[in-house]
Every structure is written in C-alpha cells, then in structure tokens.
Amino acid sequence: MTRQDFTPNEMMTIAASRALTSEDVCFVGIGAPSAACNVARLTHAPDITLIYESGTIGTAPDVLPLSIGDGELCETALTTVSVPEMFRYWLQGGRVSIGFLGAAQLDRFGNINTTVVGDYDKPKVRLPGGGGAPEIATSSGQVYITMAQSKRGMVEKIDFYTSFGHGDGGNHRQRLGIDTKGPTLLITDLAIWQPDPETKEFTVVSLHPGVTREQVQETCGWTVKFADRLEETPPPTPLELSTLRDLKARTERAHKGAEAPGARKGSKDG
Amino acid sequence: MTRQDFTPNEMMTIAASRALTSEDVCFVGIGAPSAACNVARLTHAPDITLIYESGTIGTAPDVLPLSIGDGELCETALTTVSVPEMFRYWLQGGRVSIGFLGAAQLDRFGNINTTVVGDYDKPKVRLPGGGGAPEIATSSGQVYITMAQSKRGMVEKIDFYTSFGHGDGGNHRQRLGIDTKGPTLLITDLAIWQPDPETKEFTVVSLHPGVTREQVQETCGWTVKFADRLEETPPPTPLELSTLRDLKARTERAHKGAEAPGARKGSKDG
Amino acid sequence: MARMMPLDEAVRQNLRPGDTAAFEGFTHLIPTAAAHEAIRQKIGNLTLIRMTPDVVYDQMIGMGLVKKLVFSYAGNPGVGLLRRMRDAVENGWPQAVEVEEHSHAAMANAYEAGAAGLPCAIFRGYRGAELARVNPNIKSVTCPFTGEQLAAVPAIRPDVTFIHAQKADRKGNVLVEGIIGIQKEAALAARRTVVTVEEIVDDFSNAHPNLCILPHWTIDAISLVPGGAHPSYAHGYYARDNAAYLEWDEVSADRERFQAWMEENVLNAAPQDFANRVEKLRTAQ
Amino acid sequence: MARMMPLDEAVRQNLRPGDTAAFEGFTHLIPTAAAHEAIRQKIGNLTLIRMTPDVVYDQMIGMGLVKKLVFSYAGNPGVGLLRRMRDAVENGWPQAVEVEEHSHAAMANAYEAGAAGLPCAIFRGYRGAELARVNPNIKSVTCPFTGEQLAAVPAIRPDVTFIHAQKADRKGNVLVEGIIGIQKEAALAARRTVVTVEEIVDDFSNAHPNLCILPHWTIDAISLVPGGAHPSYAHGYYARDNAAYLEWDEVSADRERFQAWMEENVLNAAPQDFANRVEKLRTAQ
C-alpha cells in the first residue's frame, strides 16, 4: 500500500459527489453532505439543484455555508421561500430526488440517530435532534448518507430512531406505507456501501484505494458484509481534489470572518 | 318630501361608508361594498385597511376595480400575497374586523344566497356561487351587508344558504360553534337595519331622508320590523357626495379602457 | 424539465381528451391563449378546475368541450353571470355540464394541499353553508387536540395546469409577479405544467430573492405568447381590457352570436394574434 | 397597532414571567438584542419555542430563565452542540429544562397552523420516527377521502413572538427579506409581536408587491436596534459573525467562563452596543 496524496475524508467527499447528477434535486444536510453536493456542482453536475432547508432553492455558494442559512445560500439561489413552504411544497410535495444526510449514530439498515446517546428521558449526551431529517428520510426519492467510520458512530443498535431508514430491514418501509426508496447509498471515509436488495443491510461494494476489509470492520460496530464482487473506488482525480481543496480553502478564509476577538480558526462539520 | 339631490344608491353607499373606521381591517366584496369602503377611505377613515380576496392587503385604488383582482389594487397595496395565504393567514387567521358582502338573495336573519335561484340540481338561474363569502361570513369579526331593496332580493326564504348569517335567528351561530358576530348591519338604498339583540332579525333603525316605512315594506319580501326609536339617516354631506361621484366618474373613464371594438360604456356592479 | 416550444405543440403534448385540467389565474394572468389553442384543437370531455372560471371557461363550455366544472365563483368579473355556462347548466346546451362547487377558501386550501403532496386539506370553513349538503367532496375531520370539527376537502391534483406568467429565463425558470393568485400551487399540484409567457429573458439574477419563481424542473413546456392573457392583464406589460369583458356579456347572450364570435376570434385565429390585441393596453414599463 | 419604543420598554410591556415565547429566526435575523434584553430584565419561568434554538436560547437556558423548550434542532449551527442546554438537560444546571421535541416539518406546519388560526396541522411526517413515541403532542388524523394516516401536531400560538427585521416604515409596517424562515408565521401566530429593526424608512412604496411585509396592525411594538441580530446576520446590512459562533463553543464549555461572559456582554451591555458589534461585518449596500 502506497502513501496516498489525499485524505480519507477527501476520498469520502469526492466519492459522495460522484453519486450526484445534473438532474438531481438534492436536499442538502450541513457538513459533509454540503461539501459533496458542491463538489458535484463544481465538477461533473453543474446543473444539479441544491436545496437547503432554510428555504434556498437552486443555490450555488462560492464557499461552504457554516450554517444551513448563511447569506451566501440566499444570494446565489434561484429563489428563497419560507420554511413552511420548503417543507410543504418542496420536500413533502415529492420534488426532492436525493436527501443527503449525515449521522451521529447509524445502524446497518440506515436508521439514523441524532437525538440522544442513552435514554431519551435521561440522556448521556443530548444531541441536537432531528431537524429536517425525519421527513427528509421518508419524503425524498432516495437517501444518501455520508459519515466517517467509527465504532461509536456505526453501531449494532442505535439509541433512538431519529429518522427511519430500512427499519428492521426487508420490506419494513413498505409495511409502514412509506413509498420512497430510503437509504440507497452510504459513503464513508473507507468504503461505498449499498443495501442488499433483499435484506436491505448495508453491504460494502467498493473499498477506497488502499483500504482493507479489516480496516472497515475495525471501525464498524456491526459485522460487516462485503459484496462478492468488491470494487476499488477510483481515486480522486486532480480536478476533483483541487476543486474540493479550493472550496475548503475559500470556506476557511470566509469563516474566519471579521476576526472578532477570540475567533478560532477553521470550522467544524456540525 | 322635497326632491333630493342624491340618488338612493348614493345614499346607500355613503351610509355604508360611515360604518367604517380607520381601525377597521375590511375584507371587501366587489360592487357596492367596494364603493362604500373606498368612500370611507377617501373621507373619514383614511387609515382603513382594505383587503381584496385576490391577495391585495392595504389597497388604496384611485378608481374602483371592475374585478376583484384589477392591477390598480396590487399597484396601490402595501403587499400582495397568494390566494391560499389570503384565506389562511388573513381571513381564517381572524385578522379581518369587517367582512363586507353584497347579496343576490337575503333573508331577515342575514343569510345570503348567491348560488342558485330554484333547486340546486335544476336551477332556474345559476348564479356565480359563493366565492369567498361562506368563510367571510363566519371568519370576519362582523359582517356588513349592502344591497338595493327588492322583493326578489329580500325574501322570506332564500333558495340556498350560500353563506350563513344568523341561521334561524337567536343563538343559532353559537349552536354551530361559530364565535364571530355575523351580520351586524344591513345598509340598503332605503334604510339602515340592525339585528334585534335577541331574535337577530334585521330591524330598521334608520330611514334614509325622504323614505317612508311603506316604501321599505313594499320592496321587502318579509314583514318588516321597525325599531321603536326610528332615526333619519343624515343626508350625504357635500364632501361625501363629491367624493363618491368623483370616484365613480374616474372609474367610468378608466373602465372604458382602450376603446376596444364593441366596448360598452360604464360598468355594472356584478 | 421545461422545454420551449410553440403553443400548439405544448397543448398537443400536454392536454388530452378526458383530462382534468386547470387554466388558472385569479383575474390577473389568465391563460387565454392556451385555452383558445385547446379549443382550436377540439380537445374535449374535459374536467375543468378553476376558482374563478370566467370568459375562457364560458367559451370552452359553450364549445362543448367540458364534461365537468370544479369551481368556487363562476362569473364574468364585475359584469355579471356566465351566459354560456348558464345555458349548459340550465338547458344542457350544447351539452350538460356536471358541477362540483366549493368556496374560495376550500379551493385555495385544496390547491395548496395538492402542491404540498397531501391527500386532503383541512380548514375552518363551510360552517352553516349549504354547499356541504350538495357536494359529497366536503367532509370533516376532528382535531385530535381540541375536538373541533374542521372542514376537509380532497387535494386538487390536475392532470395538467396551464398558467400565464410574465417571464421565463433561458433555462426555463418562470417568474410570476403582482397578483400571484393560486398559480404556484396550481402548477406544483399538477402532473404536467404548461406556461405561456410574455417574454423570455437571459436570467433572473437581479430579481429580489423572495419572488414567486417556479424552477425549470417543475415545468414541462413553455411557450412565448406576448399578450397571451388578454383580455385579462399582465402586471408590468398591459392593462386589463375591461371593455372586452363588458362586450362578452353581449356576445355570450346569444348562441349564434357566440358561435360567430368564436369562429372569428378563436377558431380562425392564432397565438400570435394576442400581441395585437394588447397593443393599445400596453403600459409604460 | 405598532408603536415605536425603546427595546427595554418593548420587552417590559410584552414579555411576562411564565410566558410562552418565540424568539424566531432561521439562522438569519435572529433577534439577539431582544433576547439579551429579556435576560437583563430577568424574566423567567419561560416556555421557549423555536425551530432552531441556538446561542441565544443557550444563553437564556444557562441564565436559568427557561422552564421548557419546544424545538426541532438545538445546535450551534455548523459548530456543534449547545453546551448550556446540555448542562441543563443532562445535569439540571442551573435548573432542569423540560423538552418538547419535534421535527422541522412538524414545527413549520405548527407555526403555519398558528398563523392560519387552526387548532392543529396535518402533514405526512414522523413515519417510522421515534419522536412520536416520546412526544404526546404528536398524534394522527385519518384522511376522510383516502384513509391515509397523517401526522398531526397542535398549532403553535406563542404569547409573544420576537423577530428581527430589516426595515420598518413610519407607520410601523415591517419588511423581512432574504431567508425569511418562519418569521411571518411566528409573528402572526402570536398574541403579541415585537419587532426589532435595522432601519426605519419613510415608506415601502418602491418595494416589489410580493415581498414579505407584516402590516402595522399585526405588530405591537417596534424598536430600532441596528445590529440587533448579531452574531447572526441581516441580509443587505451585515454578514454572519461565524467567528462568534465558534467562540461560543468555548465560552459555553465552562460554567464560570459562561457567567463572566454574560456579565460582560449581556448584563452590563445595552441594545445600542449591537451597532458596534456589526461594524466590521457591514456589507456594501
């Protein structure tokens, strides 16, 4: 295994960006999904429609937003609607092809927890909560998930079902009357996963360059299934990598902002 | 009885305009209500808020609109919202103090028919229908009605309950769970009527100058009740009359429009 | 994905016999040119939906293309009744028209529910009103928190909606301004949407961020038809032809005069005639 | 009827101990100055409602003014968790906070229902989501036409809503632009509404007809507080102070540092300090 000239996080973002097309209408979660969507827009999917839940439709930000409602999103959007309209006409109306989510805790069926660690009434860690995710997960045509692997994040059983993926697997979505596809893709810093057509359990279909099966298993809380034909994710192209790095650099400069007293450097996907 | 220098229709419009104040938020029906509301605005109630169901809030038209959605209404409005918003946030939201309606058929309890003459399924005359009226009648704080008297219009029993006034009278509104006041004022070309506090039957409280009780009864399809203390409506002031006539003249000029072939003169309250 | 095409093609591709169709516009921006094209193509057996059916629906009814009408106020605005519709409802000429009648509040909520992907809308309406007796599509729902009975109506989901708008940009995004009415909801509620526009511009990059814009991927076809809303109006382009509405009251009073008028002004006319009709009504821009 | 008054008076007249209050703003136009004034006046026992409680609610919780929080996403946007809220929920410091938790879709619909005068909202939501198990205010309604089960939540009706807006005119009409979020609904849903603004202008006569404007008769008090949304932003006036959000993550990590910061920046500060805080963030207008 040779030394890579890109980080696992960069590979994750770029692999995720490749799953998007110019025809997609993508409801963008903040953090890693936002980076992936904008790399897609700046490379192979220039006509992709990016929607942020703050109401901005068809945004083309020059820097990544720190929050879901940065001014940049509105200034570059085709139009900006109210939040009730966003959730009623655009998400619930069935106009979103891809809901792109991150996760604090994820299970093998694509169920996501961003609510609490521990018991709901006496939480060990009170997380921010679901925000738009519960309905993004069921109203989008399909759901892509992206997160860095860790045993704390990818768990056998999530503490709280913030948003529903494939439930207990199989046809659990249909049994609840949910007619959208749910999670169809998981992109981590190590691999690309797709749900098994029958069981809906996430299965590794492609390892990122230089990644071993053991590394994937060591950073995952459940026993990992690998596809019979395991691909290797093509490494980032120079264009993809420079696009992502330029975007991150512009973002970092912008978020330093006005150098207010005590300002920390950089941002953090939240 | 001396000859008047104003018409009964002018007296009606001016008497109706006097019932409005600068504090009112008035949902304006087209025709006679529209004229009354704008005379009020141009005389003693300059700060009245006029709302037309096309979505225009706070309009101040220079000429009377022919339709409920003339460009003049939007151009002079504080803001113009969508029709769903108009009916949800503004009317149903309880923000309208006065709903101002006309009527094709009216009964003594302020119930209005603008739907059909005759049987609903086999109508003798198919009228335009309710439009906004069914909910204006129940969501506005109170309802003012204005119409020219006739036995065909003011009837013992209306053919269809397009919008609910006081139903069978008494506390019928409360029994249906309607917590607004309903019709509190009827202004005709001959008189001012208010509902009896108990029975809710419209009772003549003021005769317009020169009008007799007999004239009121002859043009009304039910046996008219008169208040014990019957007032005389003050005649139009010169300012009221000139304001109304100027408005009508401006309106007539404007509605002749571009002199398209076959254009008729003048407009008609519809 | 919006495609630009001539109006005859847009109508042919998107309106089929038997369709449920909405030609929406609340006094402003009524898609007259599209309705006239549908009449020329003799696409019939239609269920027409509109809050305020006026002259164009009167024309479609009079030409025998309409099976059913869903509406909340059917009048010639500010003028009076719709005489062709009356003739159809009262006398069955040229054919009987079934009627599903609502209040404005109900239809506005029903379009909103259609745009929002819901099966029904709830609202505080129809209290004491008799339409609830004659229209089986008016039901009720009980609020699970307060016990209040609210009116419920099914969402409106037309097969196709036609609207007229001021502008499209080159990508096919559409801008509606002024009295925006129910157009956004009617467009989003439909399976297919066709828009006629006054003008095609390069882009909307200088537009205020909160205007009523329909993204190109919500629209199927766009046709450039200047004047296409006549005799209604297009805010910023031309004024309402009030005289034409008054004239219609006379034209429509008589079956033969109606047919002659339609022959001359619709059947033997074309979309490009609309530009002339608004020439004298154009406002300073 | 909107009255112009200093912010301390507007807060004193409209926010009472024990009130249910919404200080709304979806990342943009967060009414920080109003919240700080409430903290200075030590108005406590509050039920706070907001879709996206962030730094200001963290501050109010940390100061012990909050009994209950109704929300759908409680985070320092783009930075991480709310440490004062965590301390209250996890450790009861300085006092326990009751939580009523929803999704964004639920709260957006609930505000919308509040503005529309309805007792509840229905939407297609919470399917398979566990919040429906822990929140008794999530119920369901059956569509009387299709039989579909839809989620139902009670309408939000705050005693008082505070928002920050770009402009008021001299009559007290208020203009909100850019990311308009949930402000119109939050204002219309409330019994009382207080607005802080960047600027007071003569009138809005040149504004586009379809902008988000609240008429003066929907508002109780207006206070001129330039910079009053800092560290959030006001579209057209100044940019978001991302650095301040990052800084908050450190300030709020420690109880004593938090208290010292509040002492200096809130308790011993005044509404007019906000103008200075945004000076370096001002954008070309």
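We just call them A, B, C and D in the order they show up, numbering each chain from 1.
Criterion: a contact is a pair of C-beta atoms (placed from the backbone, for glycine too) under 8 Å apart; a residue touches a chain by one contact, two chains touch by 3 or more.
Predicted, not measured: the structure shown is a model, and the values here were computed from it.
S.K.: Once you count every C-beta pair in contact for both, which comes out on top, A-C or A-D?
M.R.: A-D
S.K.: For subunit A versus subunit C, what separation do you get between their C-alpha means, in angstrom?
M.R.: 41
S.K.: Indicate the whole-number Å distance between the mean C-alpha point of subunit B and the mean C-alpha point of subunit C.
M.R.: That gives a centre separation of 27 Å.
S.K.: Could you say which residues in subunit A touch two or more other chains, in rising order?
M.R.: Residues 74, 80-81, 88, 92, 139 of subunit A each touch two or more of the other chains.
S.K.: Show the residues in subunit C shared as contacts by 2 or more other chains, in ascending order.
M.R.: 112, 116-118, 123-124, 148, 178, 180, 184-185, 209-212, 235
S.K.: Looking at the whole structure, which two-chain pairs count as touching?
M.R.: Pairwise, the chains that meet the contact rule are A-C, A-D, B-C, B-D, C-D.
S.K.: Which part of subunit B faces subunit C closely enough to touch in the complex?
M.R.: Going through subunit B, the ones touching subunit C are 30-31, 53-56, 65-71, 73-75, 80-84, 86-88, 91-92, 115, 120-121, 123-135, 137-139, 160-164, 167, 172-173, 176-178, 254-264, 267-270.
S.K.: Which of the residues in subunit D end up touching subunit A in this complex?
M.R.: 26-28, 51-52, 71-82, 85-86, 89-90, 101, 103-105, 108-109, 111-112, 123-131, 134, 148-149, 178-182, 184-185, 212, 233, 235, 239-247, 249-251, 280-281
S.K.: Show which residues of subunit A lie in contact with subunit C when the two form their complex.
M.R.: For this pair, the touching residues of subunit A are 23, 25, 49, 57-58, 74-75, 77-81, 88-89, 92-95, 139.
S.K.: Spell out the part of subunit C that touches subunit D in their complex, as residue ranges.
M.R.: 116-120, 122-124, 137, 139-146, 148, 150, 152, 154, 177-178, 180, 208-212, 235
S.K.: For subunit D, which residues are in contact with subunit B within the complex?
M.R.: Per the stated touch rule, the residues are 1, 112, 115-118, 173, 184-185, 188, 204, 209-213, 215, 217-218.
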